[in-house]
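Labels run A, B, C, D and E following the written order; every chain starts at residue 1.
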Amino acid sequence: EDMVALLLPENVNPRWEQQDAAAFVATMARIAPEIKVEVFNANNDTSVQQRQAEQALTQGAKVLIVIPIDGESSAIIADTAAEEGVPTIAYDRMINSLNTTFWVQADLEGMGYDQAMHIINNTRDGDTFVMLKGSPTDPNAAVIHNGQLRALTPLYESGARVMGYENWTEGWDPTIARRSMDQALTLLDNGVQGVVSSNDGNAGAAIAAMEEQGMAGTVPVSGLDCTIQAQQLMLLGLQTQCGWRPLEDMAAAAAQVSVRLVNGEDFSDLAPQTVENGVGATVAYVPVGSYSAVGVDGVAYVIANDASITKEMVCQGEAAETTFCQ
Amino acid sequence: MSFENKTVGHTAPPPHLRVSGIHKRFGGVNALRGVDFEVARGEVMALVGDNGAGKSTLMKVLAGAHAANEGQFFIDEAPVNVTTPNDANGLGIQIVYQDLALCENLDVAANLSLGSEPVKSGWGFLPRLLRPLDDLEMEVKAKNAIDRLQVKTLQSVRAKVGGLSGGQRQAIAIARAVGADCSVVMLDEPTAALGVAQTRQVLDVVKRLRDTGHAVIYISHNMRDIFEVADRICVLRHGGNVATWRTEDTTPDEIVVAMTRGLDAGANNVV
Amino acid sequence: MSFENKTVGHTAPPPHLRVSGIHKRFGGVNALRGVDFEVARGEVMALVGDNGAGKSTLMKVLAGAHAANEGQFFIDEAPVNVTTPNDANGLGIQIVYQDLALCENLDVAANLSLGSEPVKSGWGFLPRLLRPLDDLEMEVKAKNAIDRLQVKTLQSVRAKVGGLSGGQRQAIAIARAVGADCSVVMLDEPTAALGVAQTRQVLDVVKRLRDTGHAVIYISHNMRDIFEVADRICVLRHGGNVATWRTEDTTPDEIVVAMTRGLDAGANNVV
Amino acid sequence: MSSDLKLTFIDRLRIMRETRFGAFVPVLLALAAIWTYFGIAVPIWNYWGDSDAENIRFIFLSSRNIYNLFMQSAVIATLAVGITVVLLLGDIDLSAAATAGVCAALLGVLVLAGVPAWMACLIVMGVGTVMGAAQGVLVAYVGIPSFVVTLAGLLGFQGLMQKILPTGNLNVGDPFIRGFARVLLPDTAGWALATACVLAFAVLNLRKQGQRRQKGLELESSVAVWGQVAFFGVLMFATVATLNSYRSVPLLVVLLMAITALVGWVTTSTPYGRSIFAVGGNQESARRVGMNVKRIRVSAFAIVGLMAAIGGIFGASRFGSVSYTAFAGGSLLLESIGAAVIGGTSLFGGRGSVWNAILGALVIGSLGNGLDLSGASSADKLMFSGAILLLAVAIDAVSRSGST
Amino acid sequence: MSSDLKLTFIDRLRIMRETRFGAFVPVLLALAAIWTYFGIAVPIWNYWGDSDAENIRFIFLSSRNIYNLFMQSAVIATLAVGITVVLLLGDIDLSAAATAGVCAALLGVLVLAGVPAWMACLIVMGVGTVMGAAQGVLVAYVGIPSFVVTLAGLLGFQGLMQKILPTGNLNVGDPFIRGFARVLLPDTAGWALATACVLAFAVLNLRKQGQRRQKGLELESSVAVWGQVAFFGVLMFATVATLNSYRSVPLLVVLLMAITALVGWVTTSTPYGRSIFAVGGNQESARRVGMNVKRIRVSAFAIVGLMAAIGGIFGASRFGSVSYTAFAGGSLLLESIGAAVIGGTSLFGGRGSVWNAILGALVIGSLGNGLDLSGASSADKLMFSGAILLLAVAIDAVSRSGST
């Protein structure tokens, strides 16, 4: 009985278990029902992820599909797997190892750029921004931030927009984001016209802080992941944007490659592109697009395209009263 | 070996508290091996024995602080069950432990009322544990109790017990036990750390307790004190009974011999 | 008030350990207010006083366990500095604390050697603290010391101190102090919890220490013991000196009066 | 004989500690130091360092920021009050933040399912109490060290929270629940409340002093009595004035103070509270005087569970949402325990007070607040908050040192 | 008089605890229970539940998994050994994992900068020691509770680690450093080592017994002596046999055992170790017999710093990288303290052993390892590991309960 293992990075962000893993398992069940899938979750601890990789290999996994916590510390996973002759697929984040076989990714940098552009497009010259960045210890947070800066730096330098306040959010903790937003509003005396938030959790915290000042709904707020919570806030007009990835496409690509690898077949037709990773290895690569969901239309698009989200899930609580749901 | 015939017979008053066949083991140590013991109301029973004979262990068993591995308890010859200090409290047993059992982080007044704190009246709708403490009453009680024992160096009843001298602490422990409403008072070496005057007071208190119909158990290594207050003397050795004497029928020397060498070497004029 | 003229004059042997003007405050409590004290080699100096008079505090100051707020120390009339127990150890001062200061989690043998553990020879290249313990030697030492004090109920020197009776613990504390190499031995109510035979042994030990030229300070509330072993008796009251008597010049009653009421009411036959 | 030698400063501090209000002094000093630093030193430093600045802005000490500070510290404070109770026993609770998370998650789910908000609050308070008590039973009756029980609780409740919130987060829009953090007392009500509290405090203190005189007990110096009243009065009125000058007193702060006052009263002025201190000071003594140590322990864990549930409700109210990271996964746990310990509560039991926990929470809150205002990098902030934490507690340590 | 009443099972357990090897019994029982569950119960359960399964697969007890388990527990064990030393004093160290992180990060940066690997190792061991000792100075000389000092250390060192590793992670490819986790002893060397250890153990024990007889001291029953030797021998040979049957004994395990043996020997058999126990049992007594309590405390913190540095090196070697999450941000801290406590070391000082910490680390490691094999959801795993943790420690608790 063949088996492949999917290693998720953490369980705080619901997307991994709810969407990526679910879609991967579903695709595998469809295209290769005889292959078993084991799913592990590392709770954001690289040593746990390494342990789980070892356990998967002990159980006889034929392919590892790894969503690394970061690109460096996951290298040993690919290396250990290679010692056993097992190929490793990097999912969403690159693994900086010579033994990475395949990479499927959504463009995080581009999504950061989209967030910033959304805020820029909804503000005027001279407006002041607050930037709620991600966790300083999460490499992805830096990638997103770089994308944001690609859009924002020229405007900051020209004075078209003003950087009022920025702060990292340790561990993506919304409590900290909330405090940052409070402090930003205090410092700027509510003179904030746009909030470039790196994910939906930070966006929610920022909105709660602005509600207290009666500003919620008047200021554009970006986000990422399009969680149900964020979509509800978008329906209520409080959050204005969220970045969405077609996770099912990513999972399907990974699943198809996995099946080929298990069967020892060539998969080059599935991965026409290659990229060079951090240690100079050439890795087969499939990029997956992303979508910047804005307003109610954005919510409708996400619901239509994301099989893991239904209208009933979004239309709960206060959001149920909105015209979209009625 | 059977000692029943050597303990006090019919002429003795009926025992108020009686235990028999008490065994107590700590891991591999047999601290008590089938001890019988009794005390009547209006009598002071002294309990003596060498260091490590098991006196304090017996007291703790009687007070419910240790649960006996075996043995029966009787109050006025009715069998009772004592496994927790609460049980003993409920049966009217009060005790001064050799190691005093005070809370160093609390003040003198709080220690004196520990476990039976006075509460303000008029809060009957609350469970007793949640009614407001009457701390003034506590201080008054403490002050009186300390004065009675003549501990003059204690400046304030609001001083933390952690900073008190050995004798001051012992006085507090004694005051706590004799201040409570009870029928049996057990004192485990109560005067060990006390000064001359304070010892005098404690002996007087013991006599007063006897005269008011309490059953008093008094442990001490001081033969003079014992022969002054005790009506009967029970000797323990290596966790077992040696014998019980009436005070007037024996001498300090005889007791000391019985304590250290047992009966074989001792005299035989046992009650 | 000046008591110098009331302490022992030229006829006394030269003091080995002398302190003067010792003040010790705990927060708002003045436990010692300018106490002078001295003891010579080959003499037993008794220190008496009511509960809370400051005896134990003075001992702790002498042993470095408390740092005095003010006061001078002299060894053989040379000024020395004592602020930590280590200092006192270095000057050859050993002490039995009233609260014993044992480690309940260690066994009897370990407690007896605490602070001066024997190490195996042949590991000289290591710092002393890291050489292997000679635990057999420790056990042998402990066994001998305990046997000497006649604590017969102690079954094993490998028993944890936490499970011992009050008297057994006190015996261990005494054995630890008198077993060490020193010139001054201070005993704070050493026989309070001891049985008759063990008390006898301790008094003998005290005399032996005197005869071997040690300076001994002996605190007790037991007048009989004090008059048996002491050469001089120093009375403290409310943290100050009352006076010092030669034992042969005074009586227990006089001392008791001085302890409880001070000099005004006491007799005047002071040295 | 000169028995009244000059007292050193540390002596004075130490004597002061012994008084009822004195225990506040070290943590108040720490708080004052932090506020001075962020409120005065940093702005002045920035002003001189920055040639463009037109005027000094004392943002940290602005009434708006003080308002923020109170709100930001409220959840930590709620948990710290509960944790103080178990610390007084000599136990620890590592699961408090996770319990708060489970309760908040449950609250969100219940409200979404249509349960009336007030009833949902009562239910989660019940659930929190049971969760705490269950751990207490394991500690008291099975005898497992509380560190391990609550570590297991931490793991288990994290898992439970994930079960309850499969999506990891949830919006809480219910107006009743949001109201805790949103409703503000009218200005006059704030003043009235403060006046009533100060009056009650004064009357109680003076009456007690009178009774002491009557019964011939030692009196507190009237300087001390009036000093306490004055201090308390100034504190109350200053707080209300500051909060009113921004918006007004938030309901959350009033509730927190009321709950703390209740817990404070229970722990210091009832036989139950006395027994908590007794168990913390010497468990064996407490047992021997007939206290039911096991039941006391269970009840203390029940209290911390209840406080965690309340913290969860407050958190849901303030954040407008429930998320795994804000409770179970974040720094809330260490911050709440830290708040209790900074307040001077001993980890070994028998010493501490819930009011100090509130002050400790303010210390922790001020650190985060001030550092966020200063705009340092996250690494610098971490290092800096470590250093300030040390300084804050060093004051307490020095005022107690050498007392053995 | 029947002084030899029948002993209950719990009595026996309690008597056994008193012996030198007896302290291992509860945690060994816990370990046995967990291994039986994951190794035998779960596979059988799965086999009967799954009609497709052709044969039972005892994966958990396979030699390969045991090898994994040792490697996976090594870092936790290293830290737990250090933490045990401060726990013995009655202190706690919350910064150990962060210290390990800083040391690992520094190691990575140094090696990257071209410092020879062995020298980099020595440097970070020195740095770790200094970091620990500095905290010890604050605890001992300033008198700040260790909980607060090390909480501040945790914050500060997290910040420091972020400073050293601005990107949060770093590959460590140096063969010398990777070697700790990669080098395997030749099979015969493993056997030889085991034989030597067992022989030395037997000789030392028998010689001591002989000396006891000579000096007239109470003897241990020869059943106990031979039992210990046999037990130790079986354990050693079984371990070597298992590891050899997969690959062979890894250097990391040998090093860990050697370090633990050294620390164990220092804590139990030297005057220094004795003074650690004395301070933990009764600090005031230790001070009064002339021990330099402050210096002992500082040195204990230095030891935990050193062990943390070694843990950092081991971690860098095993993970092949240094990342913030694996050390400072992850669960390493609670797991290491948990390992020490599960081993039976008291948080109140004076009771415990470093060997038990190793066993505790194996308990924690087995939990994660076994649950990963079982394929439960992450929420279930969390809840389950909480429950098993409780069960594991309950054995220890019951065997000690009622002894007061």
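For this structure, a couple of remarks:
Methods note: a residue touches a chain if its C-beta (ideal position, glycine included) is under 8 Å from a C-beta of that chain, and two chains touch if they have at least 3 such contacts.
The chain lineup, named per UniProt: B, C = Sugar ABC transporter ATP-binding protein; D, E = Xylose transport system permease protein XylH.
Fair warning: this is a prediction, and the values are worked out from it, not measured in the lab.
Across the assembly, the mean Cα position most removed from that of chain C is the one of A. Distances between chain centres, each the mean of the C-alpha atoms, put A farthest from chain B. Chain A and chain B, compared by their mean Cα positions, are separated by 72 Å.
Each chain gets one centre point, the mean of its Cα atoms, and the points for chain A and chain E are 37 Å apart.
In this assembly, the C-alpha centroid of chain B lies 47 Å from the C-alpha centroid of chain E. Looking at chain E, one finds that residues 18, 162, 284, 378-379, 381 touch two or more other chains. Looking at chain B, one finds that residues 26-27 touch two or more other chains.
Residue positions 11, 136, 171 of chain A each touch two or more of the other chains. On chain D, the positions that touch chain B within their shared complex are 18, 208, 211-212, 215, 217-218, 266, 269-272, 274-275, 277-278, 280-282, 284-292, 350-351.
Residue ranges of chain C in contact with chain E, taken from their complex: 63, 65, 84-86, 88-89, 95, 97, 101-106, 110, 114-117, 119, 128-133, 135-136, 139-140, 143, 156, 158, 160, 176. By the touch rule above, chain A contacts chain D in their complex via residues 11-14, 18, 136, 165-168, 170-176, 178-180, 182-183, 186-187, 201, 204-205, 207-208, 211-212, 227-229, 232-233, 316-319. Chain contact summary for the complex, chain D toward chain E: residues 92, 94, 138, 142-145, 147-149, 151-160, 162-163, 284, 334, 337-338, 341-342, 346-348, 378-387, 389-390, 393-394, 396-398, 400-401, 404. Of all the residues in chain A, the ones that touch chain E in their complex are 1, 11, 17, 38-41, 43-48, 50-52, 54-55, 58-59, 69-73, 75-76, 79, 96, 136-139, 142, 171, 279.
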